[in-house]
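In the two complexes that follow, subunit A is the common piece, with subunit B as its partner first and subunit C second.
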Partner chain A sequence: MRKLVFLGILVAALALTACGGVSNGAAPAEATPVAVRVGWLGFPDTLNPAYAFLTESYSMFDFVYSTLTTEGPTGEYIGLLAETWSASADGLTWTYKLRPNIKWHNGETLTAEQVAWNINAFIQNPDGWVTNSGYVIGFVSARAVDATTLEILTEFPISNMDYRASFLYIVYPPDFEKFATPEELQNFTNFSPIGTGPFKLATLDKDQRIIILETNPDYFSGHAKVDQVIYQTFDNSDALVQAIKVGDIDMTTEIPDSAFAAVSAFENVIAVSLPGRSITELIINSAPADHDPAPTRNPALKDPQVRLAIATAINKQDLVDVVLQGNGVTGVSIVPPTLGGGFWFNQNIKDVAFNLEEANRILEAAGYTKEADGVRSKEGVRLEMRLQYPSDQSSYPRAADMMANWLAEVGIKATPESVDPDSLVVATNPNADYDLVIWGWGSDPDPDFMLSVMTGEQYVEGGWSDSGYSNPDYDANYLKQQQVIDPAERQKIVWEMQEMVFTDRPYIILWYGNILQAYRSDRFTGFVQSPLGIDSFQSLMNVEPIK
Partner chain B sequence: MSRQDYLLRKFLLSLVTIFVVVIVNFLLFRILPGDPVRAVIGRNVRISAEVQQSLREQFGLDKPVFPDQFFSTMGQWATGNLGVSWSLRKPVAEILISKLWNTLLLIGLGQILSILLGIILGLLAGWKRKTSFDVGALTFSLVAWAMPTFWLGIILLAAGSSWLGLPTGGIVSPQNVGKPLYTVLPDLAAHLVLPTLTLTILYLGEYMLIMRSSILEVLSEDYILTAKAKGLTQWQVLWRHGLKNAMLPIVTMIALNLGFTVSGAIYIETVFSYDGLGKLFQTALTKQDYPLLQGAFLLLAVSVIVANMLADVLYTYLDPRVKAN
Partner chain C sequence: MRDSWLLFKRSLSDFWKTFRRNRMGLIGATLVISAVFVALFAPLLTPYAPALVIRDEAGRGLTYAPPTVHAPLGTDDAGHDVWSQLVYGARVSLMVGFLAGFIAMFVGSFFGILAGYFGGWVDTLLMRITDVLLVIPDLPLMLVLVATLRQMDLKISPLTVLILVIGLLYWTSTARLVRSQVLSIKERQFVARARAIGAGHVHIIRKHIIPQIMPLIVANTVLILSTAILIESGLAFLGLGDPTQPSWGTMLNFAFDRNAISNGAWWFYLPPGLAIVWVSLGCVLLGNVLEEMLNPRLNGHHLEGEAKIVEMRANHG
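== the complex of A and B ==
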């Protein structure tokens, strides 16, 4: 009987649907807010900047909070809370003049005192403000000179201050002052945040994974042309693509490479392919021989000629054309070409050309001769190696197959292997138990992070180095570039470091993939196309409905 | 043995099983390769090595698995506390309950529809053996049973959203989020149509095939011939003598399927971005979130055991031989 009641409910519900009850995103006619509906595949873990793990959280921070500076669409830094700023002659005092009359979402006025409270909290409590603390290394203290003037004192000159300031999200102190221990602070998810950003958080449903942002009419720098931005999470990219096709959403933050051509052909949908900041590389096990545990790898990989031969035997353009379907460019340096509008990318590095004959010649000259089965060897060491990649990346298996085929033609037997990403993390660092790995990074806007990945200091358990590369000159340069305030001088060092990595080849950079996104051109216009993506807060502030 | 003794024995056996499951669960996830801290934070460039170490301490991973981690987990469970999820940072029990309702709604509806339709169609197919109806139903159920879940889901999603304007994901539309579900029934129903349909089609074939072969077997029994000889109508024969006996294998199958219901339907939930337990299991596993994994698998084990117990109880009513033994 109960079953029948249940069935009855379903039938009634379905009947209601059939009678035109499907609301499917369409709201009633009266006073409908203009909302941009964004589909994405993730969801923020927290809205507390002290302790955020996921990139989705950072997307939300940009909407809700403000920072002193922010990265503009062309890669330069512009003032956000700060109107103007300057460093003292010795580079140890930074003075920020804040815009007057900035309002918190609750109507109160922001003061320099509150900004100073934030920065001092990041400096003094690094165990609590985990994610912010990395950006205040070298900071001594902050103080409010007057209601709109902030001063930050540093221990040494800091070269990338604008970039650092762009990640210091300023939160409302009364919400954060009450926490006595780091754990209390970290467990606070701040899902009803008060910020000064261009949007206010109206709804956040962690179970149904919906976020509704409302335009902040009191924002200090104009306000958005739409009333709301609604984020809806999809669990698979096929559904996301279908949603943009049928107009369930107005834009999507990502499209798989393989679906890009199909999405481009949808009616009233514009698919955009924008140069981004991601790099994909082939990691060559470069861990020092005395590393503990001892590196487990093919010893021939230490030979620079073998590395050169591998690099010569990879047709990067083919990888871009086939694996990325043309949505990217071939890679050469660990610093992607988009950072700082191209300023940080060493344009002088000339990549080795793809040439199988040349690769064969290099190996032959280095004493690696072909055995009966076509695999080369020297002094009993056969050029046989693992070519691993994380199993969660759909483009890597194809890339691995293509590379294995080229390598086979020059007498290197590379066996593609899909590995669970967690296992691969441990295999690369700290175990150094691998030969070749295909993997990638999403770079920060400043070159500092990508450069840090290659430092010896990062090759510790929990560090970010996966190649195990260690070069004292490189490490010295890394520290130097952090403290040079003159951009041109810093650029010189940064370029030199890229050259070092290129020559030593702990990484062979395969490609820089594009950001693939799409929007409904029959609904909205004004999306700003830049390496920040069409979902940046600057872009969504500029979006307006088609009349 | 009386029914009471029989049930008591079953109950005690179930308790022992749950205890074993708890211990296996604890050990199983700790054998997994990888580092839970790295899995939780992903490739987040903002988390330094020192912070990872402090997380490891916070999660208790700096201590040996046995005895420290084992006894602290068991002690926690003994007080009814399933712990706090590392990746979602909410109490595990709270997370499980919120997803359980969604899953029960979806899987419950799909199961009920497929059971009812499966039994009816299977019965009719068996009864009208070798007619075109039988052949049609048999073909359909074989195809439905063999169909890959993900594929069917995507096809229905594409067709339903393109031609019928049905939603592409979620449980309700964004503007209805946070409202009590009964106030947004039409919207909820619209979101449930496609996943329910997918689930129904997938299970329908299985139930129908079992029901059909079961009723065929029963219809060839002597007591059916006797019933017919008594002058009962065909309907009476089928209803009073056929159905009850043919139900036994179906009951087992329903019990097993319902037990696994709480594990959700990972594929269906993923295709339709439906926020249920299946998806949660997957996330917990990829994030190596031990507290969440342990809680989720405990829930799964308990449901399977309870469903089996229910099947045993039902058997004592349906089949007098069970009681006699």
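== the complex of A and C ==
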């Protein structure tokens, strides 16, 4: 319904041919605390790390909470709560030496006991700590050796321990001990969290959609040079763009692709386009025929030649140029090229070239002949399919429109359709009721997550798989790469898995989009540009006002 | 047969004589007819196919290019010529508007006549259905219906869904209007006489009722056209149009989603907006004038009769 409201604004814009900026509650300029005002389009629905799915929630976790390790701006892992850490020779015992004098926001001192409580809770209550449980697979238990030493025991050697530890936000146990059932734990919104992070959450106003963070002066590793960071939510991207233009906000965490060129041209605004970790793909329904409920799809999608023809008929470069307005690169593998500085990305995969004649030839050779209306068919199966996309993404309708036009030229009739994201989740998994879907992922810094999405065991209700891809060799490789400590050996397996997905095509990777952000260069300096974005906590701790 | 044709011709020429003196009506008709003309001759009026991407020397799509000689209204976010899209969009917008409007007229008139003529339980049943549809807000209901029907994988095109939903939901006001008119007509003496000499229901409705309410239906249809076009634009703006067959609403949807305003690309969002205003304004002007002319009751107050006679005398004398 949000758009309905903006019909009015649009009409006003039509009449005036100018659209004034809509700003809500900008801080007065003469206020004494130095505040960085951040504009964004979302708002966290919860600050409970047990059950958080929005990236906005994770942005806040990074400010308020700390983890044992964290990803640095250059991609390697650095200690945060942990000063040093090491694994035993058999790889089954990890010992973390915590920094001394880490204080909770309420002044109490953090103990290794409390960290162990957290990790044991994640291990023992996977139904409650849903979002954390994936990161503790293979963990047996954690215990405090002394006040600043933590020991984690694992079932098998874990290849990506540092990455996993960087997602285990250590919460204040008294806030979380009181819940008897998983549901109670998940319903807790935790809107006044106590953490050990560089910022304290001072105000969270759900109605005004404003979050005020205050610098934590007792932070264990220096402290921010500004007093406050104020997040304010905008209802629409044009209003957000206008706000950075006139200086109502000092930075924005997101700019739509289609507005990036406009923002780059603003005076005193620096727009940054950073290679990120997101992928956008075309999902092809690959659910096994014996899946329950039985898949509802065009049966021709099972034919590898049809998949190849679809891949050949998509002009990825055009999608990048038009949909992303050049802010990204064409996609090929499920592992984006930025992970581990490119270490995990299989550079040997050679993508199929866009060629409409070739796509026509492939379908002709496979026995699909054109009918009177230009749509191909074989043995009564017409190449007609749905091309769906989630309605909350502003770039997908254009992408769908372009793809439908290319596919029409090779005799495939794809009907674009915008679908509510929640319905689309159910349609893809578990219902398997779809043909083609455009959707995207934000990858973790480690390839493990993206690889897990394609495993057969994730194709259950609530699992991450949406393609229904199921390949026993792939699944065996997935388990193997989790337990191989030697990075070179793990790389080999990870590359092989990418090759499998590329060849079988449950996904056709369309593009890797950049992170698009902007800040006012006349207000603040010191933003750190990295794949983490200029809104990472490391960046905001480094920001200082221009005198 | 010949008699009735002559009668028709004469009433048509009478109608035209009155109509052409009405400036508002003429403006309305010009707006509507010009839009229909543009839609019919779209291929002759456009330099490019609407889905063609205009490219620079390097082969990249020219996105948000301002108006030039080659693209009179510039290009959109995907490098399509806006003018060509606008002209082809007229086809979709008008087709959905007209078809949905006609469906609404037929359903509304049918229900209105049945309810008004037969009365009793038929009236109660049909009017309660009408009441239910009247109290539910149109746009949200249509949004939900279109979205749901699309999901159901019925083998019909998105545009057909749109036409059916608008047409089958927007007949209520017509039904009410027609019913009230029928209620009054069926009590008149000529209807009673026809019944007395043994005329059946079908005959009475066809020969006596329908000719009497036809003017009302015609005027109402033109008004409904404008609403249907507006609703189609609204639904398409909310993303429920068919992106492969863009209407004016779909163009606005893309302009909004793809930040045409931030890009200062007025040539992308202004023309479809003005086109919608153009057609709906035309329909409203035309509809009001037709209603005034065809419905003698709206012609003036009975006390104005004297003044008219004086005026006529003056004209003749």
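Everything below uses one rule, namely that the second predicted complex is superposed on the first by the 496 of 547 C-alpha atoms of A that agree within 3 Å, B and C clash if a C-alpha of one lies under 4 Å from a C-alpha of the other, contacts with A are read in each partner's own complex, and residues count from 1 in each chain.
Going forward, a residue touches a chain if its C-beta (ideal position, glycine included) is under 8 Å from a C-beta of that chain, and two chains touch if they have at least 3 such contacts.
These numbers come from a predicted model, not from an experiment.
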- Message: Once chain A of both complexes is superposed, is A:153 in touch with subunit B (first), subunit C (second), both, or neither?
- Response: neither
- Task: Examine A:546 and indicate which partner it touches, taking first as subunit B and second as subunit C; both and neither are also allowed.
- Result: neither
- Which partner does A:365 reach: the first (subunit B), the second (subunit C), both, or neither? neither
- Is A:230 touching the first partner subunit B, the second partner subunit C, both, or neither of them? first
- Message: Tell me which touches more residues of subunit A here: subunit C or subunit B.
- Response: B
- Message: Output check: A:205 vs subunit B and subunit C. Expected answer is one of first, second, both, neither. What do you get?
- Response: first
- Look at A:422 in the shared chain and tell me whether it touches subunit B only, subunit C only, both, or neither; answer first, second, both or neither. first
- Message: Which partner chains sit in contact with A:318 here, subunit B, subunit C, both or neither? Use first/second/both/neither.
- Response: second
- Task: In the overlay, answer first, second, both or neither for which of subunit B and subunit C A:476 touches.
- Result: neither
- Is A:262 touching the first partner subunit B, the second partner subunit C, both, or neither of them? second
- What residues on subunit A does subunit C touch that subunit B touches too? 3, 6-7, 10, 13-14, 17, 238, 242, 420, 423
- Query: subunit A touches which residues of subunit B in the complex?
  - Reply: 32-35, 37-54, 58, 87-90, 98-99, 102, 108-109, 112-113, 115-116, 154, 157-158, 161-162, 165-178, 184-190, 192-193, 196, 269-275, 279, 286, 288
- Complex contacts: residues of subunit C adjacent to subunit A: 51, 53, 60-61, 63-64, 77-79, 139, 147, 150-151, 153, 157-158, 234, 237-240, 242-244, 252-254, 256-259, 261-264, 266, 269-270, 273-274
- Residues on subunit A engaged by subunit C in the complex (per definition of touch): 3-4, 6-7, 10-11, 13-14, 17, 19, 237-238, 241-242, 256, 258-259, 261-263, 296, 318, 321-323, 325, 386, 391, 394-395, 397-398, 400-402, 404-405, 408, 415-420, 423
- Task: Enumerate the contact residues on subunit A facing subunit B in the complex.
- Result: 3, 6-7, 10, 13-14, 16-17, 21-25, 27, 37, 45-46, 52-54, 127, 130-131, 134, 183, 187, 189, 203, 205-210, 212, 230, 232-236, 238-239, 242-243, 245-246, 248, 392, 420, 422-423, 425-426, 441-442, 444, 449, 460-464
